[in-house]
Amino acid sequence: MQEVLMTLIGLVLVNNVVLVRFLGLCPFMGVSRKLDSALGMGMATTFVMTLSALAAWALEHALLLPFDLTYLRILAYIVVIAAVVQFVEMVMHKTMPDLHRVLGIYLPLITTNCAVLGVPLLNAQSGSGLGMSVLGGFGSGVGFTLVMTLFAGLRERLERAGVPEAFRGPPLAFITASLLALAFMGFTGLVPAH
Amino acid sequence: MAHFVIPPIRHLLTRWGIHPDAHKFPAADLGIVDAGLPPLIVLPLAQQAGAPARPVVKVGEHVLKGQRVADPAGAISAAVHASTSGTVIAIGEAPMPHPSGLPGLAISLRPDGEDRWVELHGDPYPIRLEPAEISRRVAEAGVVGMGGAAFPAAVKLALGQRSAIDTVILNGSECEPYLSCDDRVMRENAADIIEGSRLIMRATGAKRVLVGIEDNKPEAIDAMKVAAHPFPEVSVVKIPSRYPMGAERQLIYTLLGVEPPAGGRAADVGVVVHNVGTAAAVWRALRYGEPLIERVVTVAGGAIASPRNLRARVGTPLQWLIDRAGGLSRQPARMVVGGPMMGVAVGDLDIPIGKGASGVLALTHAEVGEREPSACIRCGSCVSACPVGLLPLEMANRIHAGELGQAEDIGLRDCLTCGACGYVCPSRIPLVQYFMHARGELVALEREGKRLDRVRELTEARSGRLEREAREKAEAQARRKAERAAAAKKETAA
Amino acid sequence: MNAPVYASPHAVTTRTTRQIMGMVMLALAPATVAGFWQFGWPAFCLWLVTILSCVTFEAICLQIGGRRAMPVLLDGSAALTGWLLALSLPPWAPWWLGVLGAAIAIVIGKQVFGGLGCNVFNPAMVGRTVLLVSFPVLMTQWVNPQMLAQGTDLSLAVQVGLGGGIPDAYTSASLLGHVKTDLGRGVPLLEAMSAFTPGQGLDGSRAGSLGETASLLVVAGGLFLVAKRIIGLRIPLGFIAGLCVPAAIAHASAPDHFLPPLAHLLSGGALLGAFFIATDYVTSPSSPAGQWIFAIGAGLLTWLIRSWGGYPEGVGFAVLLMNATTPLLDLWARPRIFGRSLTGRSLPARRRQEFIR
Amino acid sequence: MEQMITAVVSLTAIGSGLGWILGTAARRFAVEGDSRVKEVEAMLPAANCGQCGFPGCAGAAEAIVAGDASPTCCPPGGKVVALAIATHLGLTLEDDGVDEGPLVAVVEDALCIGCTKCYRQCPSDAIIGAMKQLHYVFAEACTGCNQCVEKCPTGAISLQSLPATASTWVMPKPALAA
């Protein structure tokens, strides 16, 4: 249990997938304009990352290793992730139509989200077992959601502040993101990186 | 015997409300002086909360003092009576104490100086009257809340009768700075107030009366305790002085530890709240049959020569009251009708006072503290000042950015516009103006939405009618053609 | 144009923004003067340079932004940011470190967001953390005050100030830095701490940042602000609790690995952070519940970073992290509205209520 | 050579497997057409006046849902309809010149010759008047759809904004930088 907790904190805070490893930056910038869409996006991405980590591990050990096709890893993972995203979009369109309308264009974008592809690849390289890789997917997803929510809260506050003309919108978003990354540097070394 | 009330600890601990410097003196110590008859009386038709009254007199008609000049229109409204005998010279637009400065409908009356009463019919022992009869006579006399909201008293009593009321609270807190009219009324006519409160108790079927008076008015508390002594069910309670203690919900919570539901009424927790002045007016209306035609007004402020309390006729212009209080000692920065925290700033001095005007203030620049607003530094003093637990800075921020819906989500509808947040803001941001703007905008949108719904119904009705006419015409033609064809066939057959 | 429309209220308190900033600076004065007395002229020069550069940068930004500079400068917020930044720098840091820190704090930390009230991160901490990350050596070069008790002449101050570097004789490690390096080398905690007696922490006669050493005076200044109702007690108490409770538990369970709570409190920027940095109006939540969560979170993060993190001092990072959560706290930790339940539904109509004796 | 074959075979296997899963899922989670067009149409004032440049309100609703038109394209609806549609569709509304208040038709007494052309045209029966008699427009029922103004031969009808009264007046928003 201790070990699981440490890796979770490691993934969510210490080497956060967005602010420390700098993966998944385009939805981080794109969808964080409003808080509820950021939360929705975070949850959807966490779900996709966990599912695709599981699928990738299964694919790795069922197909790629036995036939030593590991050079096909990236190709296979992308196909799996695309399928998972399409599946999630259908489920969401059916069960949560208003969230689906709010996320809109950004939902298919999860496929191209480099964090979603990066995490299974990292899991595969470090050869972690089923439990660890799923935990890796889920932890990175939670880290992604945490940072998305914080950033959306900040951006909603800045939407209403009297920001000077030159910095309105994306420029200030980049500065805020960098200061957030600066704050997250405080966590370096908190947990021995695995 | 006085019931000693321990206000709920939590209520005292949680810091809400503010302690503005009271400026009550010297007016609070001087006796009430009659303001006499002004040259012109202007009776506003919309001086009470609810629908404006409907005039029942014609221009040129001679009326007596106390004669009804306008009937209540609709469920929530109140009658208006002539404050003195004289001739009606105009019924039309006159300047009104409204923040917009726009005029309103009013009846202008030129007094003839005789001040002759119309024939009144009081009742020596009104306590024996039936509750329904009491509220009918209160409505007959046009009594409205004197605390400032001017809500028709009879409607409140009727509301009370429908839901079980067990406590009547008399609001003697008078927490606004400068104002001391309730204080004087309590000191000089305590008996009338107590009698009036017993009538209200009888009208609503309540079992007890609590008179809440702030502890900065010791003489008033003593006078009221003496008057309440013979009646065990009436008790006078000393409450901590804090603005806005006089707000209905805050007063109920302080006295009974019960929070009335937001969006609901005091009657939902079995309570009816009336101003002490209203209780006195109820007594005079039932005992002597006198309609509400005069009230005590505090004329004060840095620019008034000798501030004092005046018993003025309803409809008296401000200029007359200021002259009776020694005139203006210097040019005021702002003329305010009501208290400084919730009153209305007016520009024109021949605006009349209505039944709900408890004060006429001439405030100097120093007192108003006008300064260019600077950026909000999120210091949070408005959050601790808000008696309702809202976040004024967040609401103002959203309204400034044009997101009224978001401001509503965090509680704009529960705002009392009491002004406590505007008072404590170190950056002088006009918070209450933001909230009034937002609520006005939302009400306007709602009204516009209802209007559009009605128009949609009209449009559908019209298109429906046109279709029906077209169909009927077509059928008529078809029928006629068929008859002509049949007739033609008959001819050929014959 | 008809008459101007005045909305109520028509009366206002006498307190203004400028007064508030002035009083906060007044509360900071005793600790700062103690810092000057401990660390001599270089500290004073650094303090002065930092404040002046803060004000000039703010003036420049306002000029560029086309807004009238004078009224904004007079409200003292830029000077206050400079003062707090100076207090969190090592006393003999070179002058350009102060100027660079001021530039980052004011330009990036505040003016880019739109000036006073719009920034979401505490400007002083933005400046300090950027310096800490970019110049780790310079930012952790402490000076042992005893050597200076005899007072130094101005020439040494000028030589040090102009970037001549600190003669080795004077350098010494702060308690936190010392402990972290010793723990790294496996030296048991008690031995590592022997050089520092708690007494030193109180009267400031130990190495540390310019304003952090005289803990007693910092607390006195903080309590003055609480008495004047400029800051509430929630954030300082929450911060101290967030820091000392986990410290006490950890120290009880593993005394030779974790510092005792008192040592945590009196070292580094803990007290200065609790009373002056975490309570910055603009970047701390405005609702009571939000302030508690903010303060306890900041204290806890400070302890976490100090115990396991890579950097010896955690206050800067902890405050920045909690500043990031402030908009969410303002949104989700709102006070209960009168007449409504916590979830916002209006309370049920209650008929019977006892009469409180 | 056979390594290439195994690579191709395995990838096609993965592709077809996933394709099959998605096919079944698509059938189970099918969602019918976009119901929002009808909802938006219900919000529009149904005056079918064409001022928005689309054939009637149904056309305007489709355009708004498709994103070709902004919710503020409907003058009779004004700010109320624009806000309602924007919140329903989750769009952000840039408040351009919509807020000068609703416009209402007003008949100029001197010019009206009682030709009844206008009240035959009015979609919401807002105009009353008999042949050769003076006509009058009910402000309550008029949406400012501008159809009557073109029809009037003597130009007696014009669109004006209603003057604010004490009850319809709204406290102005404080004009300051903060």
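For clarity, chains are labelled A, B, C and D in written order, and residue numbers in each chain start from 1.
What we mean here is this: a residue touches a chain if its C-beta (ideal position, glycine included) is under 8 Å from a C-beta of that chain, and two chains touch if they have at least 3 such contacts.
Note that the structure is predicted; figures quoted are calculated from it, not measured.
Chemist: What's the overlap between the neighbours of subunit A and those of subunit B?
Modeler: Touches both subunit A and subunit B: C, D.
Chemist: Comparing centres built from CA atoms, which chain ends up most distant from subunit C?
Modeler: The most distant chain relative to subunit C turns out to be D.
Chemist: Comparing the two chain pairs, does B-C have more C-beta contacts than C-D, or is it the other way round?
Modeler: Of the two interfaces, C-D and B-C, more C-beta pairs touch across B-C.
Chemist: So what's the Cα centroid distance for subunit C and subunit D, whole Å?
Modeler: Taking the average C-alpha coordinate of subunit C and of subunit D, the gap between them is 53 Å.
Chemist: Just curious, how far off is subunit C from subunit B if you go by their C-alpha centres, in Å?
Modeler: Roughly 49 Å separates the two chain centres.
Chemist: List the centre-to-centre spacing of subunit A and subunit D in whole Å, with centres computed as mean CA coordinates.
Modeler: Each chain reduced to its C-alpha mean, subunit A and subunit D end up 39 Å apart.
Chemist: Let me have the rounded angstrom distance from the C-alpha centre of subunit A over to the C-alpha centre of subunit C, please.
Modeler: Comparing mean C-alpha positions, subunit C is 33 Å from subunit A.
Chemist: Where in subunit B do residues touch at least two different other chains?
Modeler: 99-100, 374-376, 400, 427, 430, 433, 436
Chemist: Can you tell me which residues of subunit D touch two or more of the remaining chains?
Modeler: 171-172, 177-178
Chemist: On subunit A, where are the residues touching two or more other chains?
Modeler: 162
Chemist: Subunit C touches which residues of subunit A in the complex?
Modeler: Within the complex, subunit A touches subunit C at residues 35, 149-150, 153-154, 156-158, 161-164, 167, 172, 175-176, 179-180, 182-191.
Chemist: Under the stated contact criterion, what part of subunit C meets subunit A in this complex?
Modeler: Per the stated touch rule, the residues are 65, 108-109, 111-115, 117-118, 120-121, 126, 129-130, 133, 301, 304-305, 308-311, 314, 316-318, 320-321, 323-325, 327-328, 330-331.
Chemist: Quick check on the complex: what are the subunit B residues that touch subunit D?
Modeler: 46, 96, 98-100, 102-104, 373-376, 399-400, 402, 405, 427, 429-430, 433-434, 436-437, 440-441, 444-445, 447-449, 451-452, 454-456, 458-463
Chemist: Applying the document's contact rule, which stretches of subunit A touch subunit B when the two form their complex?
Modeler: 159-160, 162
Chemist: List the residues on subunit D that touch subunit A in their complex, please.
Modeler: Touching subunit A from subunit D are residues 6-7, 10-11, 13-15, 18, 21-22, 25-26, 29-31, 89-90, 177-178.
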